[in-house]
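Letters A, B, C and D mark the chains in the order given here, with residues in each chain numbered from 1 onward.
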Amino acid sequence: MSDIFPKWTNRLPALVLTGAALVGTAAVAGAWYYFTPKYSRVGYQPIQPVAFSHNIHVDQLGLDCRYCHNGVEKAWYSNVPSSTLCMNCHNQVLKEDARLALVRESAASGTPIPWVQVHKVPDFVYFNHSVHVNRGISCVHCHGQVNQMDEVRHAQPLSMSFCLECHRHPELKIRPVDKVYDLNWQAESETQQIAEGKRLMQEWNVQSLDNCSACHR
Amino acid sequence: MSESATPYGLIAEFSTPADAMHAAEKIRDQGFKRWDVYSPYPVHGMDKAMGLGNSKVGWFTFIGGVSGYTLGMVMIWFMNKFDYAIPVGGKPMFSPFSAFPPSYELTILLGAFGALFGMFIMNRLPRLHHPLLKHARFKLASHDRFFIVIECHDPSYRGDETRALLESLGGRNIEVVEE
Amino acid sequence: MAESANTVQGAPMIAPPRELERIPLVSNRRGLGWLSDAVAGISEKPTPRWWWYALAGSVGTMSICFAMIAYLMSTGVGVWGLGHPVMWGWAIVNFVWWIGIGHAGTLISAILFLLRQRWRTAVNRAAEAMTIFAVMCAGIFPVIHVGRIWFAWWLFPIPNANGIWPQFRSPLMWDVFAVSTYFTVSLLFWYMGLIPDLAVLRDRAKTKLRKFLYGLFSLGWLGANRHWSNYEKAYLLLAGLSTPLVLSVHSIVSLDFSVSQLPGWHTTIFPPYFVAGAVFSGFGMVLTLLIPLRKMCGLEDVITMRHVDLMCKVTLATGTIVGYAYGMEVFIAWYGGNPYEQFAFWNRAFGPYWWSYWIMISCNVIFPQLFWFRKVRHSLKVVWIISILVNVGMWFERFVIVVTSLNRDFLPANWGYYVPTWVDIMTYVGTFGLFFTFFLLFLRFLPIVAIAEVKGVIPQADPHHPLGGAKPGAHH
Amino acid sequence: MSSPKTHTEAPPLDLTRWRNVPNLLVASGAVLALLGLVVNPTQFAHSWLLGFMFCLSLALGALFLVMVHHLFDAGWSVPIRRFCEHIANLVFPWLAAFFVPVALFAPKLYHWMQVEDPHADHALHAKFPLFTWPGFYLISIACFAVWWWLAKNLRAASLEQDRTGAAACTHRMRRYAAGGIVLFAITLTLAAILWMKGMMYHWFSTMYGVYYFAGSVWMTLGTVYVITMVLKRNGTLTKVLHEHQFYYIGSLLFAFTVFYAYIHFSQYFIIWNANIPEETFWYVLREKGTWWYVGMILIFGHFFLPFLALLRIDLKLTFWWMTPICIWTWLMHYFDLSFNIMPSLHPEGFPIWWVWVDLGCLALMVGLLARAFLAAFQQHAPYPVQDPRLCEAMGLLAPCASPISGGDMDETEELADAMPETTGGAK
């Protein structure tokens, strides 16, 4: 004899089912959004030891990316410049500025500035900067409009699907080599980008690689 | 149980499965529709005695199984051939052979869901509150007793006449169960 | 009754001589009500002291398992003894062993149901519970062996940030589907069987808490025949689905090995051989558990010597099939003429792990042959010891398959010797704690024998039987 | 089980019209087989082997059914056991005699016998001394000896029980079955390897013995169903047969449909996936030419069709539905064996032009076996008349008289008005 359940409990199955469906949907949608690099990586903007502004150096002063990141065309790695490179200018410009004290100290002592790394690919991914920039992939595609950033911000997810998006359709991104470091450049129209991109792929023999060992080797 | 409660049905008690079964045959022949036999275990032959047809649960399983197999095959084709083909081991991107084991498992999984939830749907379970659960002697239905309950909503239900019928069939402790 | 009808429909009718009489499934002439009392009583009586001791021991052991997993997660799979060339060690051995244990439960609940073996009713509930807990223990190993456990959900075909899908040509993916389906379906099947019995406990409940919990989980089951009709159909369908499922699970586990090209793994008899081995080890475990259980819970009249006898016979049959498979492997290694295959089998029997091979052969093939003798099958002590030996032997079978095939590579420079670390060992020991914790909780709070099903197989249940109330001559 | 449905009402089947069929089979088969022998001896050898393996399937399948009946202490299968014993006994002298042409034509069938230096061929060298002339013949003789010994002794004990009704006979049969099942597994495997797999001796598969076994028992169960049905309808077994015999045979047929498919799928799939040339060549050959279609016939006809046809419980008891399926098992098993045997002679495809030789050999053997079977069947009781399990098989179990005993909540004292048997006289 189990009369301890009042009559309304007969509606429980429907209520539980509806509730479970709602909670389930919320959980899946939440995980899908919050657990992916689109949320967890994009927007990462650490405070750097030196308040270096790409905006001032690139857009206002017109420095080329390669002036500082001078290995990017030659190596897999796009180097962060040593502080002596900063001193090329800053031994003249703002030479007494307090904001640059750390740079001067580093240049004098040889201890690197402890920059906080923003962009990172996992250890098991092989990424080669020179291959990309020499074949018409601009900095902006992975790093966003760094030329407009005062403080560097993680602009793209850099997840595997992000890489794949481009690897499957390089013609949507590929551009003439002389426009690679022009972060504001855009093709006149999408159709032109595709036509030009296809032509460049043909010319450079760029393949749409999405096999595992293209990146994991 | 309050005085004003509406009656739910007439309950009669039987000691042996054979008595319950003979009673069920008679009640079936009288044309009752809303009634049932309650027993601690499924009594072999009772479906026939009550005039029940084949259970429909099989259809739920069948639909579950077919959709599981289709889902498996389509999913694997979409994932490994259409959306992102991964060349491995010189094997074709999609082969009904290598796609078979997971699709087979999905067939069984969804078929099993179909069987269980089909049973729940057909039986309108879960139903935690029921007039019979308030009846004192009804707890013996899960122990060693057999009950027949004829609901008052049955079009053939005729109060005392029905009670007399149950009595003549050997039912004991005949009582009215209230809503 | 038999004597009164010497001829039926003109054919002579002979009652079997005493020695060939069928022994009743429930002994001592127990009836419907007694079954409810006996089984439900186990969870209604005050908790016996041994239960607390056993639970404390199990929980303690289980915590070792979790501690080892935490250590593994924080440090990495290097804490295990894996290394070149044996890259698969205890984790896969334990996985296959535990999942094999589970197979007996499904065999009893599903295959014997389809075969109309009514003796299954006394043991199926406990065996199914064993299946579920064993699959839980098994599931731990593949999950933790992936290294970065927090990414284990990538095994499922869920869209993720990598934009890539699981690779369905890999037998390890088939495993994911097989094992998760197996667990889910076993759980559904088990729960569905429990519903009428939970209703028994609900109807007998004295305290409000018990009324509430058993009432909630029995879902308002009334035992109406219209419900039974759908219920029996669903039960039949689940049994029909579980049968190919249980065959497929261990077959797919065997494919992990056999679709490769490694000598000692690649052999076509693996699927049926693994299934037979799984059922074999599972029955070993069922016997190990039920022989003490029937005594401790006072269920000697329900789980009778006939049940033990029959389970011994299943063990014998499957053990002999496994023996046939061992023989065929060795024979075809010789027959095929492949020197690598021949070496693999020579290495098994006489290489550095010779002892594991001979433990396997003696525990799996030789000792179960004692079950040919009725005397052995009826000595509970001997049966219990052999059942444990079967468990040991089947663990070593997986060890032999995994380790001896890997430790000698094609080049002697790639030869090695695998030794488990203490973390390997303690993780495995810890899973026993997990298993027994769940099993003890099951013993205490749930009906450990399928009450409604056993009621259905005693003579009183049959309305055409005099004990069921049938009048003589009234034959349907 | 309730009483049989409707079939008993029909008048007993009159089989006299069919009594000449075995003779016709023998006569026509002999003509075709002889013609085949003259026209193309190699084809004749292969066709004969095909027919022989087909008939052997039946005898070994029946022997297996008899042995598992004893091992499982089964009750339901008592009425069908006697004719299974007769079929199993066809193994000697009949099948042994049918093996003589295989033995004589062995060099035409088994290429390894013609290899000049067996030690130059590694695959053959490795099989020394199994694949030598003495090895081949000695093992063949040993296989027949084991089968003969088992079948003869099992039937002898069974016939003795017909006279004495002694339980000792049951125990004796169990002992034969216990040892026999092990010998049976070994000999059947060796026979399948030596007589069929050995045709392409470079190939190997650990599953092969099980594979032949699965197909054989499947076809045997189909045959057993037909024979049981005929014996029920002509009145011979009507009084001992019940509905559940048909249900169980049908269920076993269904189980073996799945089992065979499982075995064959596993063998194919593992070989396909590992993709090792020394194994795949066997199947590659069978995917070329019209063999591809035979393979498809096997997938659909050997599995899907019977699987779907046998799914429903009630149809397993419906004779007009089951008869075509059972006859279909013969056809499919024939295709299965042909798929195994013939590609070594006809790699280009299924030898449709030579089917008449196959059918001739098969008809000759089946005709002779049918005559032998009928003679044996008529000589003895049609079912084990004194078997202790017979009344159980008939669904007439003697009930044990036990009371419904009490418990805390048991109120069975109220059963005062019940019959004395119900309470067992306890109260």
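Here, a contact is a pair of C-beta atoms (placed from the backbone, for glycine too) under 8 Å apart; a residue touches a chain by one contact, two chains touch by 3 or more.
Here the structure is a predicted model, which means the values were calculated and not measured.
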item	value
Pair exhibiting more inter-chain C-beta contacts, B-D or A-C	A-C
Centroid-based (C-alpha) most distant chain relative to subunit C	A
Rounded Å distance, subunit B centre to subunit D centre (Cα mean)	40
Subunit A-subunit C separation of Cα centroids, rounded to whole Å	52
Gap in Å, rounded to a whole number, between the CA centres of subunit D and subunit C	31
Whole-Å gap separating subunit B and subunit C, where each centre is the average of the chain's CA atoms	29
Multi-chain contact residues (two or more partners), subunit B	15-16, 45, 84, 86, 89, 91, 98, 126-129, 133, 139-140, 143-144
Residues within subunit A bordering two or more other chains	1-2, 5, 164
Sequence positions of subunit C contacting 2 or more other chains	31-33, 36, 163-164, 202-204, 215, 220, 244, 255, 460, 469, 471, 476
Complete list of chain pairs which touch one another	A-B, A-C, B-C, B-D, C-D
Residues of subunit D that touch subunit C when the two form their complex	2-3, 71, 122-123, 125-127, 130, 165, 167, 170, 178, 181-182, 185, 189, 193, 204-210, 239-240, 251, 258, 262-263, 266-267, 269-271, 273-276, 278, 385-392, 394, 396-412, 418-419, 421-422, 424
Subunit B-touching residues of subunit C, taken from the complex the two chains share	31-33, 36, 157, 163-171, 173-174, 177-178, 181, 184-185, 188-189, 192, 196, 199-200, 202-204, 215-216, 219-234, 237-238, 241-242, 244-245, 248, 252, 255, 451-453, 455-456, 460-464, 468-471, 476
Residues of subunit B touching subunit D in the complex	15-16, 45, 89-91, 97-98, 140, 143-145
Contacting residues of subunit C [partner subunit A, same complex]	159-164, 202-203, 205, 208, 211-212, 214-215, 220
Subunit D-touching residues of subunit C, taken from the complex the two chains share	1-2, 5, 8-17, 19-20, 22, 24, 28-34, 36-38, 114-115, 204, 244, 247, 251, 255, 258-261, 266-272, 317, 320, 324-325, 328-329, 332, 334-338, 372, 459-460, 465-467, 469, 471-472, 475-476
